[in-house]
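Look for chain A in each of the two complexes below; its partner is chain B in the first and chain C in the second.
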Partner chain A sequence: MSLPKRIVKETERLVADPAPGITASPHDDNMRYFDVTISGPGGSPFEGGVFKLELFLPEEYPMSPPKVRFLTKIYHPNIDKLGRICLDILKDKWSPALQIRTVLLSIQALLSSPNPDDPLAADVAKHYKEDLKGATQVSKDWTNKYAVETA
Partner chain B sequence: MSAGFTYVDNVNTNLICCICRAPFLNPVTTRSCAHTFCLECIQTAISITPQCPVDRSTLTTLDLRPANPLLRNLVDELTVECPNASLGCTQTMQRQLVDIHLRDDCAHASVPCTHPGCERQVQRKELGKHDETCRRQDVAMCPYCATERAVEGFETHKRICGREEVVCPSCDAVTIRAEVDTHTAACPLTVVACAHSGNGCAWEGARHAFAHHIAACPYEAIKGFLSIHAGKVAALESENASLRRKVDELEGGLRAAAEEAQAARRSLGPWFRADASTSTSASAVASPAVQPQRPAPEERVLRDRRMSPLNAAMLGVASDAPFVPRTDPSLDASSFFPPFSPPSEDASSDAFPYGRALPAAPSVNINTTLEGSLTSLRNSIMTVSTSLDTMSRRHDVALMTETLRMHEEVQSLRAIVHGLRMQVHQIMMERSQMSLSNLYSSGQTRTSEDGGWSTRAEYFNDRPSTGPSMSVPLMTTVRRTTENKL
Partner chain C sequence: MLASVQRLLACNNCQRQLQRPLTLDCGHTVCAHHPHCSSPSCHPPQLSARNVLASGVAYYSASITSSAPAPHVTDVVLTNIIDLCARRPQPPDFAHRLLSELACHVCIHLVVDPVTTPCQHTFCADCLERSLDYHVRCPVCRQTLPGFAYFANHPRNVIIQSISTLAFPDLHTERQLAIAAAQHHPIYDTPIFRCNIAFPGLPTFLHIFEPRYRLMIRRCLTMPLPRFGMMMPSQPLSGTQSQPEESAEYGTILEIRSVQMFPDGRSMVEAMGVSRFRLVDCGVLDGYQVGCIETIDDFQSEDASDDGLKVSPPIISHLPTSTPALVDFCQNFLHTLRTSTAPWVAQKLDSTHGAPPDDPTAFSWWMASVLPIPEREKARLLPLRSAHARLGLIVRWIEALSNSGAADTGCIVV
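Up next is the complex of A and B:
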């Protein structure tokens, strides 16, 4: 089936006018499947890392949210070992007025402000609650270990 | 959502629906939060989540109302390309006029083929070309029976279509044509004739009155008799037909027999005549008025068979039979056989005295077959030839006798003549002696005169010796004499 005009427009804009620290490019064989990279926001333990994600637009999009998952290992209380993200706009708070760009910006913001009160990875959240400094250090270590391109 | 218009100009972002990311199409505005969406977009979104997509406030379709007319006009007047631009249409127009353009103008718009049953959608500019090749172009739809019919003969079909509604001429009820006969057979107002109309009842009336009539119909009372009568007539007719067939066969047989008889008559030739006269005379026997004027059949047979009186005499049958033919003017045989000169009855009976002595030849019986007749005739001819032979032998004997007798007479006459000659010679000698002594006495002359006389004497003596050559004319003369006696 042909691609809805909205997806075509969003894709065009993502490629032509990308948001800062975010890239998204569709697969050639499936225009609903995007390879995404998000740079760790400045001032966060993820600064300096470039995290890879995959994004898929389901058939019902924009009436249902896109499916997004981290491919790069990350130590974050709202992201589990499989890369699944606990973010309300990707679930019950989704609105057809949202777009790929806004979703990715929200994820980037989530990296800046972890929310251990609504955890997905319970052990990470407990670590963040009990030892913020130590947990932040682990996140920095993981970022360096997994998300930094070794030159 | 957007129907897929392609907008020619950049559109102000305030006119973009946040759901479909396209200029508003049929925009509505929420009553509670005053956000504007395409009608279709917001309806779909509310059906999934009853919230405003922008501010997540609770929202139902009842909270939607048409957007401000100003906004509506702004989006409706946006310039768009024809939806068939990919097919080649280069026109652009206000968005609100797209439907009219597609319906009336666009040469690339798909329109259905005008022929019923053809489901093809063709571009308007190619409709004419399609018409020429459309396999359904000969098909039209019957409005009554809703079936497809060829255009050729369509009007004829409409006139006889079984589903067309028609009105009963008698009771004004409406039926379809296919059931008119059924209806007429039951319609109480249809005029029917009496069941006995074939027997002469002249009553005609509506069907519902028939029961009343049949109770009083005079023919109803004799119904049983009429049926028996009809049965008998039918039996007679069939018998008559079979008899007619038989008569035809017999006539055919008769005709064949007549043809055979004709052929036989031709092959028989003159023989047939006798047969016919026999049959006619046989038929004549039936009428006594005719009989006396004609000879009895057997006499006729004999007479006809006789052919000539001479023959009859030779066959030995005529002498006893009365010689009727000359007296009967109506005799057929006289004209059929060449007439012979009728000899007198005396001659026929006397000239051939041997005729009676001959055994009578078997008379030809006309009742026998042709072969038998021919055999008997052959026998008769043989008999005739035998009698002829006998007669010629007798002739010869008679002639011989006559000739011997004549011969003796001639001998005696010759002797007499010789005597006379001797006497004459003596006289002559005496006379010459006398004259010689009277005249000269010369020995030479006397000698020559004697030789001349002797020669002449020899001639006379030799004459009777030529008997054989003279015998024939003699016999002829005798024969002629004999015939004259006949």
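Up next is the complex of A and C:
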């Protein structure tokens, strides 16, 4: 089945004009499956890390949201052990006017502003609420341990 | 190009250059301070209650209510184009900027058949319809929209339509062709509805609510012969099964006879079974299956009818073997049912399924649809290519039902 024109155009734009700190490239054998990296935003405990994610466009995309998951371990109240992300636009707030680019920018923004009041990883959220400084330090440690390439 | 675009940006009321453009539900655009259309021939969108489509399908539209634009909004695309045209000096990439203003936010290409919402956002008619299958919200501003029926056959935004065809005629034609081509799978031509069992010659009534099947039915209705294949949902393989049952590959072609639309885009569809098929190969189009099928007919002569023997257990001595005898056996069972159960059972039988047909082929399907046995079991009839073989299987079901005592006690669901 040929790829919908919208996906072709989005992919072209992602490659030609990538958003700062974000890369997304489709697999050669499945153009609906993307390898994604997001750089930890400056000023956040994830700064300096490069996080790998996978993004898949389901058959009903753009009517249904893309499926996105972190592959790199991350200590964040809205991202669980399996890398699943609690973000409203990936669920009920999805709109077909959103794009891969806007989704990835939203995930990058989520790294800058963790929201422990709407947790997915309950233990991390509790940690963030009770001891922000300690929790932030764990996030930094995990970033250094899992998201920094040691050359 | 600038001058010709500017000429199109005129109010349909005062005929002067648009000031704060507002697009009405008739598709015309006026200045926001006199929000009325002056075209004498202009009607708000309306549909007659019942249409007969070219294909002969009786189509009952849902009623719609008009919806005034929200206060203090202006047509977003036209406002941006007016601003773009007013820029001095004229930007060197004027055409490029104009094209990006004319992009639909759903397909991100040049808008085709532009429809403007009361919140004044514009989308391709097709894109908006598909979005409404999922959410009754504007894809851009998330405002609640006035429902699916309101936008069915909605008037196009006249000015945006004119600017698109004037400024980008080739691209516009290319987009129209691409949208038409995307309605069909390039290889597989039969849409498949995975729902329940259907038989030739018998009607099926469906409530269409899933977004993918709403789209499938809409596409069927644009065809000269509005047909689709009905198959049982594929069953997950159990541990002991190495491959799916043979009957899972078979289905029935249904032809749409009537459609009752609801305001939110759901519908009730009446369809008639016309033939059987075997699914040879299949793919997916926008979430629903599409397949390449091979039509299955009964063998021409009764001599060739012994394919039933392959699937049948050894013949049970007290059960009949000839086709007329098998029909009689079924008729006797029906007679027992009518005389030994409460009258409403017989009444319900007649009103739901109609009178039993005389022809053995039609009778075999009718009888199967009446029997209270699981649909997966009934699906075993679909590959059988003679009335004799099917009646043989049905008689065995009746035997099993009678032995279980269900028929005698009147505990039967029709």
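We adopt the following convention: the second predicted complex is superposed on the first by the 151 of 151 C-alpha atoms of A that agree within 3 Å, B and C clash if a C-alpha of one lies under 4 Å from a C-alpha of the other, contacts with A are read in each partner's own complex, and residues count from 1 in each chain.
The rule is simple: a residue touches a chain if its C-beta (ideal position, glycine included) is under 8 Å from a C-beta of that chain, and two chains touch if they have at least 3 such contacts.
What you see is a predicted model, and the numbers here were worked out from it, not measured in a lab.
Because the two structures share chain A, they can be overlaid on it, and in that overlay chain B clashes with chain C. After overlaying the two complexes on the shared chain, residue contacts for A:E59 are found with chain C alone; chain B is out of touch. In the superposition on chain A, A:D80 makes contact with neither chain B nor chain C. With both structures placed on the common chain, the touch criterion links A:P96 to chain B and to chain C. After overlaying the two complexes on the shared chain, residue contacts for A:K9 are found with chain B and with chain C alike. With chain A as the common frame, the single stretch of chain C that clashes into chain B is 129-137; none of the other options in 57-65, 129-137, 201-209 or 363-371 do.
Of the residues of chain A, those at positions 4-6, 9-10, 62-64, 93, 95-97, 99 touch chain B in one of the two structures and chain C in the other.
Interface residues of chain B, counted against chain A in their complex, comprise 1-2, 4, 18-22, 41, 44-45, 48-49, 51, 53-54, 56.
Residues of chain C touching chain A in their complex: 105-109, 127, 130-131, 133-135, 137, 139-140, 142, 178, 182, 185-186, 211-212, 283-287.
Chain A contributes residues 1-2, 4-6, 9-10, 59-60, 62-64, 93, 95-97, 99 to its touches with chain C in the complex. Chain contact summary for the complex, chain A toward chain B: residues 4-6, 9-10, 62-64, 93-99.
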